[in-house]
Amino acid sequence: MKITGTFLDEISHDIPHQNWGEKEWERDFIAMKEAQIDTVILIRCGHKRFMTYPSEYLMKTMNCYCPPVDLVDMFLRLAEKYGMTFYFGLYDSGKYWMQNDCRKELDISKFVAEEVYKRYGKYSSFGGWYLNCEVSRAYTGIIPLYAGLGQFVKELSGGLPTMISPYIAGVKAFPDNPITIAQHEKDWDEILSGIKGAVDILAFQDGHCDYEELLDYLYLNKELADRYNMKSWTNCESFDRDMPINFLPIKWEKMRLKLEAARKAQVDKAITFEFSHFMSPHSMYSSAHGLFDRYMEYIQEL
Amino acid sequence: MKITGTFLDEISHDIPHQNWGEKEWERDFIAMKEAQIDTVILIRCGHKRFMTYPSEYLMKTMNCYCPPVDLVDMFLRLAEKYGMTFYFGLYDSGKYWMQNDCRKELDISKFVAEEVYKRYGKYSSFGGWYLNCEVSRAYTGIIPLYAGLGQFVKELSGGLPTMISPYIAGVKAFPDNPITIAQHEKDWDEILSGIKGAVDILAFQDGHCDYEELLDYLYLNKELADRYNMKSWTNCESFDRDMPINFLPIKWEKMRLKLEAARKAQVDKAITFEFSHFMSPHSMYSSAHGLFDRYMEYIQEL
Amino acid sequence: MKITGTFLDEISHDIPHQNWGEKEWERDFIAMKEAQIDTVILIRCGHKRFMTYPSEYLMKTMNCYCPPVDLVDMFLRLAEKYGMTFYFGLYDSGKYWMQNDCRKELDISKFVAEEVYKRYGKYSSFGGWYLNCEVSRAYTGIIPLYAGLGQFVKELSGGLPTMISPYIAGVKAFPDNPITIAQHEKDWDEILSGIKGAVDILAFQDGHCDYEELLDYLYLNKELADRYNMKSWTNCESFDRDMPINFLPIKWEKMRLKLEAARKAQVDKAITFEFSHFMSPHSMYSSAHGLFDRYMEYIQEL
């Protein structure tokens, strides 16, 4: 099972910044290409007051800071140059949708989507949308948020695909009270039936359950996606959730286990969160260089 | 706004050691010079039982361990060689001043200052004193400690300047109960009126309030310093306080925001905590190399 | 005091993986050789579901995952090539011995030892056993576990030496309730009298007490070992327990203090946990490169 997509973690919640300029980013796109990555997904275009591109709208309405570089433009150009598809991750207020005001989150995101598509839609690499409010359960308001946003951006962009990447409310998310697989199916059946047609790709994060539970979740998530005519991708996390340092690159053996499970479950595509910190030969964490080497050996044997 | 000074974080409380020898330190002083740094500030000469120089006094009275290398001598020589001014940070018992026994802390620090000035005062690079008991509020005993120590070392050294680097009791120091700007003014007006003449430089740390509050604090701190005839510096932290790993280099965009705020507030000088771990092209954290590159691009445009 | 042995931290509990292949491991064995290391100790051959070698037994009984590489074979070959003695660390279920079912842990470990010795006993580098249930006190069941296991593997292997590496229940293990030195003696006198003859080497970890307490503990541990006719080694930890990041390489000064204390106490040998992450010129943490350089300067002066 090859990883053919990666998130681009700008703006980051919890992963320290590498302080790369365009030269370093281009070097990393070249490494992605070497690793056969064809899809890059901007995880979010902004979070609270920080942004990846100079949005007039967000500066005015959310008091966002004008960034030193237009990363969206840079990523789109690099994706174009290296033949990759770019998915645009929408804005995350860090508050409204978390405080049950999904309506407000939706309104902001629509304005952002319009502004962005007008500005960057010209790039041939602009190939999809990432709906970035990541949840694990059927929280109040999340269905109309995903559905409303998905429909809106698809209409805006002539039907470009939309993707979500939820997490499993498993033992590594809620150690004291992990979800059961039956409850997971119930929640996600409800969510997916409500967002059918608005969301094209369901890419669950694969790191919150135990390794021995993963295959069952992957089978189920594939079945759920099939049921609502969605693609089933796996978001194979390349950082280690089992260590006291949050977060460093994962042990290759664990990643291989997760990829093999995804292969068995016949998911449509594997992506990762994320190449540049955790799998890149240019990462600030040199164990990522080792992970890259081990991964490259693995895919050469496939 | 250029950063023209840096702390030297020996002895460290909470930043892992790089295990550099003199060769690596000289290499880093060369990088500092390239970045136009003209001032280096030893954050403390000792903490609890660890020391930066073989103090007879501290070995005898505080049972300190004799260090393998005399870092004070080395830093003074390197500062001399590269044309920098060195500020000497005093001893921190890690207990007396924190247990309301500032009198005892003061007594120890005076002995240390005498010993040190006798030993190292000959270096032309010995250019100031850093009074290192860092506080955010008008804690009992801190005024006589700063005042007594400042007067003592100034008299001892023919009036060499003295510096403090307090922190703001803001949301990143006390998330549940951050100080108001009005209370900050009240506290620091009281402190500064009590230490006037004994302290020459007020260099607040800039990392404990939110980015959008910083400019107001910088204005106020400048005004407070002016009121008591002190210099107003900013201690622009080069590590990131917003991440789960404590601490890795800051995202350049955040540092730029803080420097731009300092420029607007017209502070007299910017220093950082600290170059060698968080901004140096030789740091153990390679995201510091990126921060150095981004910073150098920035100052070339100034 | 030279460090002439190191643990190999596979499988790790809490140290992120470097993702090395055989090429990188060989490079590191060459660096160990340069540092005069003659002993390598696999800390455990498996933990919960992860393993270092493809154990039929553990796959069948404990549902372990078949590892991508046979690390035991690789380590034994490298040890042979570079003239080192390899100690084999047994399996850790992560549950039975921690839940007072030491009998079950013992049964599993015996099967593992048999399987392993049959498979790898041919290597001339196979030179000892590491009994890996690390404790600090006389917990119920630990005496029969150590004694039973030690006797078993010694008989199995023609008397190859056995080693344990307990920790001191000191202030860095139990900050609120550290053990007294008198209680430590009482506990360990009881344990050692019960495992006499089954355990040959007592290698206490040196990082859980304060630096100023260490010499007393080293003297006592040496005396305890002598009393029961065991060798007294020190496990000189090369990571720093005093920092908010768990764990990065230790400050050289601290390691030197601990080695000097071991020299004074005349322990038989010093080993470390562990070279490859924390002291190696090839470590993912570049402060380890500095630690290697400082350590090499130190041993050249001995």
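Some notes on this structure:
Which chain is which? They are A, B and C, in the order written, and residues in each are numbered from 1.
Please note the rule applied: a contact is a pair of C-beta atoms (placed from the backbone, for glycine too) under 8 Å apart; a residue touches a chain by one contact, two chains touch by 3 or more.
This structure is a prediction, so every number in the text was calculated from the model and none was measured.
In the contact between chain A and chain B, the residue numbers used by both copies make up under half of all numbers at that interface. When the CA atoms of chain B are superposed on those of chain C, the rotation angle is 120 degrees to the nearest 5.
Chain A and chain B, compared by their mean Cα positions, are separated by 40 Å. Contacts with at least two other chains are made by residues 245 of chain B. On chain A, the positions that touch chain B within their shared complex are 12, 14-21, 24, 49-50, 63, 65, 67-68, 245-247, 284. Contact residues on chain B toward chain A in their complex (touch as defined above): 211-212, 240, 243-245, 248-253, 256-257, 285-291, 293-294, 297.
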